[in-house]
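Two complexes follow with subunit A in common, the first pairing it with subunit B and the second with subunit C.
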Partner chain A sequence: MIEIVETGPFNTVQDLGRPGYRDIGVSAGGAMDPLAVRIGNILVGNPQDAAAIEIQMFPFKLRFEVPTVFAVTGADGQPLLEGRALLSWCAYRAEAGQILELKQPPKLARAYIVLGGGIDVPVLMGSRSTALRGGFGGNAGRPLMKGDRIEVCALPQPLPLPAGGIAAVAPATALRDAFPVADDGTLLIRAIPAGEHELFADDGEAFWSQVWRISSRSDRTGYRLSGAPIKPVKTVEMRSHGVVPGVVQVPPGGEPIIQMSDANTAGGYPKIAGVIEADLWRLGQARAGSRLRFVRSTHAEARAVEQIVSRYVEDIERTSQMVKRALKAMT
Partner chain B sequence: MIATSKPLVSSHQIVTATKGRARVSFIGGRSFLLEAAGEFDLPAQRFIWALSHVVRDWADVAEVIPGMTNLLAIFTATPEDPEFIVGRLLEAWDSVPSLDLSGKTIEISVHYGGAYATDLAAVCDFSGLSDREVVRLHHDATYRVFALGSAPGFGYLHGLDARIYMPRKTVPSLKMEKGCVTIGGMQTGVAMLTGPNGWNSIGYADLQMFDPTSSTPALMAPGDTVRFVPDRIEL
Partner chain C sequence: MSTIDFSDPATIAALTEALTAAGVDGLEVSGPVGQLRLVVSKGEGPHIRLTGGIGANQAKAVTVKAPIAGCFCAIHPSVSEETETLPRRVSDKDVVGFIRIGSVLLPVPAGRSGLLARRLAEPGALVGFGDPLFEIEPQP
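On to the complex of A and B.
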């Protein structure tokens, strides 16, 4: 059991989402940085899809009511346990009564607190994720509030941990070569032209060449981009069709919207591009006000990056199994 | 609201007219959108229903979302050769027989006009018809659920009388109430969530169409027939 001591609005329980129900209008939802949730879960000995707390509004504080193994992943910066600075991407053990505190990260957007056993809220439609728009799932369909007490599933076997914890190399470091950033810090997001790209004619090139700024009117549903508007050469009355996170739609105003984890399941705005799936976690860590540029990509490249990410996760899973076996042998 | 189920013949194949060409485009690496060319009509949608049953069973497909005369197929991984997938989808489209889903019939009791009908006057202006006539055309028609999407349990209904087509608003209502009976272009439906909405409200229905704790969370399914029954007309 944990108790929320301090929280901003819009911090929620999330796992890897509930795909499979978009055909009845239910967004897949799930963590904006699913890679951080998977790595965090491996570190604390959970299945990769166990539920975690997604923090996007800081500061955040919780109290452990019982001894608990935990890790903080995702955002940069240092979590504090009883005021002592810890490493991110590292599993530790907290004692009953101790307070974990997360301050505003220096650069990135979202931190995940992953607990040994995983957050225990009811599974609805295959997931523990909070569906804010539908008002169900997670912690009673709403964001966490001060005073909330949340159950944690019991771990079958408590993980033996060294005092210094067990850490993983963060994906931003381990996968630096696969996820380029421009020299001036602009995030480079790979995308593949989508259905209405041709309709934008010359403005299509302006879409790829300009640097966009993520507007403050951005949330888990979608990121609005600010920049020089792009317009199609004619307006088409689109029939509603299924969409997925990463789709870049251009509403009449000409400033694109990237649908994110809580993406609507259907859409009818012209689509200029679709972000490759392997780059979505980086968008999930991009803050309002930060800059990005789209880079034209291909299926071959998307597949290659996907495989690099899979190998990284498998490698951490394998190493952590080895470390745990070794630790068990020592105890 | 009354939902009745027909006997177990939930679907049967029927013979229909010609099938238009389709085109396939990409959303990211894993998702492929097939759009039927041609009319927005029931014959076209029957092919989409058939295609969704075929594609859903492909081993490398994670999820299928039927839309309005289109279908989004989400694959489990980014394919090596996208053109090969495009070819498979087009081939499946060309070869599927039409499928009619004869689902249940749902009657929805509607309070036409009144406080929730915020856009009835605009529909009258656009159509050149009286409010009485707009309401009559809306409840006289029989609708089919073409697809679900946009909000949990929301059904896109086809069958709106062409005289009361009404374009979506360029500036959406910021807070439209759940239950508003709305027209969006050639489609009609009942708002499932209170929130921003670009469709035009002409009435209100008090009904529960989605329950996440149920084994069948959505009341409506593609192929269902929907009738709107005026409970009250307040003009």
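On to the complex of A and C.
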């Protein structure tokens, strides 16, 4: 059991989402940085899809009511346990009564608190994620509030945690070569031309070449980008059609929208591109105000990056268990 | 080659438990300065005899040892600019380095408070279990 001591608005329970219900108008939802949830869960000894707390408004404080293994992943910065600075991407054990505090991260957008056993809220349509628009899932279908007390599932036969904790090298460091950043810090986001790409002049040149800024009108549903508007060469009336996270639409104003985790299930704006799935977690960590540029990618490259990420996750799963077992045998 | 301090009660205790768990009857280690013999006697608990002082550290300083084999990192791999400042005061829970195995990092706590005086392993070096990593001088 944990108690929320302090929280900003829009911090929610999220897991890896509920795909498969778009046909009945249910967004997949799930963590904006699913890689952080998976790695956090591995470190504390959970299945990769256990539910975590997604924090996008800081500061955030919770109290552990019983001894609990936990990790904070995703954002940069140092979580504080009873005021003592800890590493992020590292599993620790908290004692009953201790307070975990997360301050505004220096650069990134979202932190995930993962608890040994996982957050125990009802599973709806295969997921514990909060669907804010629908008002269901997660903790009573709403963001966390001060005073909320939330159950944590029991972890069957956990391997003991090493005394100093066990950590992962964050993906931005470990997979630096697979996730390029421009020299000036501009995020490079790989995307594949989509259905209506040909409606834009010069092969979408204006879309691909300029640096876009993530506007403040961005949330878990979508990111609105600011920049020089891009217009299609002719106006088309399109029927609404299915939309998934990563789809980049161009509304009449000409400033693109990237659909994110709580993506609408359908939309009618022309689609200029689709962000490759392996790059979505980086967008999930990009704050309003940060800059990005789209880089034309291919299905083959998208697949290759996915495989690199899979190998990284598998390595951490296998190695962390091996290390825990080895240390258990030695102590 | 790793140097394990066989006069360290913690090492002896760990070895004893490992032997008991593995169902091994005993172990004898000889070195230039002494001999350690562990005999796990059925039902009576282990019998330990230490003669001399194998690997006993003569200096007052204590060493922080690698808890597992892997690649030694003196600073966190995600930190690029920070430089190592030695000597510096540390407390027992402070993380003084890491052992990296693939993308997994095992933080190495100082284990006791004092002055982190010397680094004994090269950053990036492959170290074995028990290899000395740092020297901590107890402080009054």
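One rule holds in what follows: the second predicted complex is superposed on the first by the 325 of 331 C-alpha atoms of A that agree within 3 Å, B and C clash if a C-alpha of one lies under 4 Å from a C-alpha of the other, contacts with A are read in each partner's own complex, and residues count from 1 in each chain.
Methods note: contacts are C-beta pairs under 8 Å (C-beta built on N, C-alpha and C of every residue); 3 or more make two chains touch, one makes a residue touch a chain.
No experiment lies behind these values; they were computed from the predicted model shown.
Novice: For A:Ala326, select first, second, both or neither according to whether it touches subunit B, subunit C, the two together, or no partner.
Specialist: The answer is second: A:Ala326 touches subunit C but not subunit B.
Novice: Considering only touches as defined above, state whether A:Arg213 meets subunit B (first), subunit C (second), both or neither.
Specialist: In the superposition, A:Arg213 touches no partner, neither subunit B nor subunit C.
Novice: Determine, under the contact definition given at the top, whether A:Gly134 touches first (subunit B), second (subunit C), both, or neither.
Specialist: first
Novice: Of the partners subunit B and subunit C, which touch A:Lys61 in the superposed model: first, second, both, neither?
Specialist: Touch partners of A:Lys61: none, neither subunit B nor subunit C.
Novice: Looking at A:Glu306 after the superposition, I want to know if it touches subunit B, subunit C, both of them or none. Which is it: first, second, both, neither?
Specialist: first
Novice: Check the residue A:Arg142 against both partner chains and state whether it touches subunit B (first), subunit C (second), both, or neither.
Specialist: A:Arg142 sits against neither subunit B nor subunit C.
Novice: Which chain makes contact with more of the residues of subunit A, subunit B or else subunit C?
Specialist: B
Novice: Take the contacts of subunit A with subunit B and those with subunit C, and give the residues found in both.
Specialist: Touching subunit B in the first complex and subunit C in the second, no residue of subunit A appears in both lists.
Novice: Which residues of subunit A touch subunit B in the complex?
Specialist: Listed in rising order, the residues of subunit A that touch subunit B are 19-26, 124-125, 131, 133-134, 136-137, 191-195, 237, 239-244, 246-247, 252, 264-266, 268, 271, 274-278, 299-300, 302-303, 306.
Novice: If we count contacts the way the header does, which residues on subunit C are in touch with subunit A in the complex?
Specialist: Its residues touching subunit A are 14, 17-18, 21, 67-68, 76-78, 93, 95, 98, 100-109, 129.
Novice: Looking at the complex, which residues from subunit A come into contact with subunit C?
Specialist: 84, 87, 90, 162-170, 172-174, 312, 315-316, 319-320, 322-323, 326-327, 329-331
Novice: If you look only at subunit B, which of its residues touch subunit A in the complex?
Specialist: That would be residues 25-31, 33, 35, 40, 52, 62-72, 74, 77-82, 147-154, 156, 167-168, 170, 185, 187, 192-193, 195, 210, 212-213, 217-218 of subunit B.
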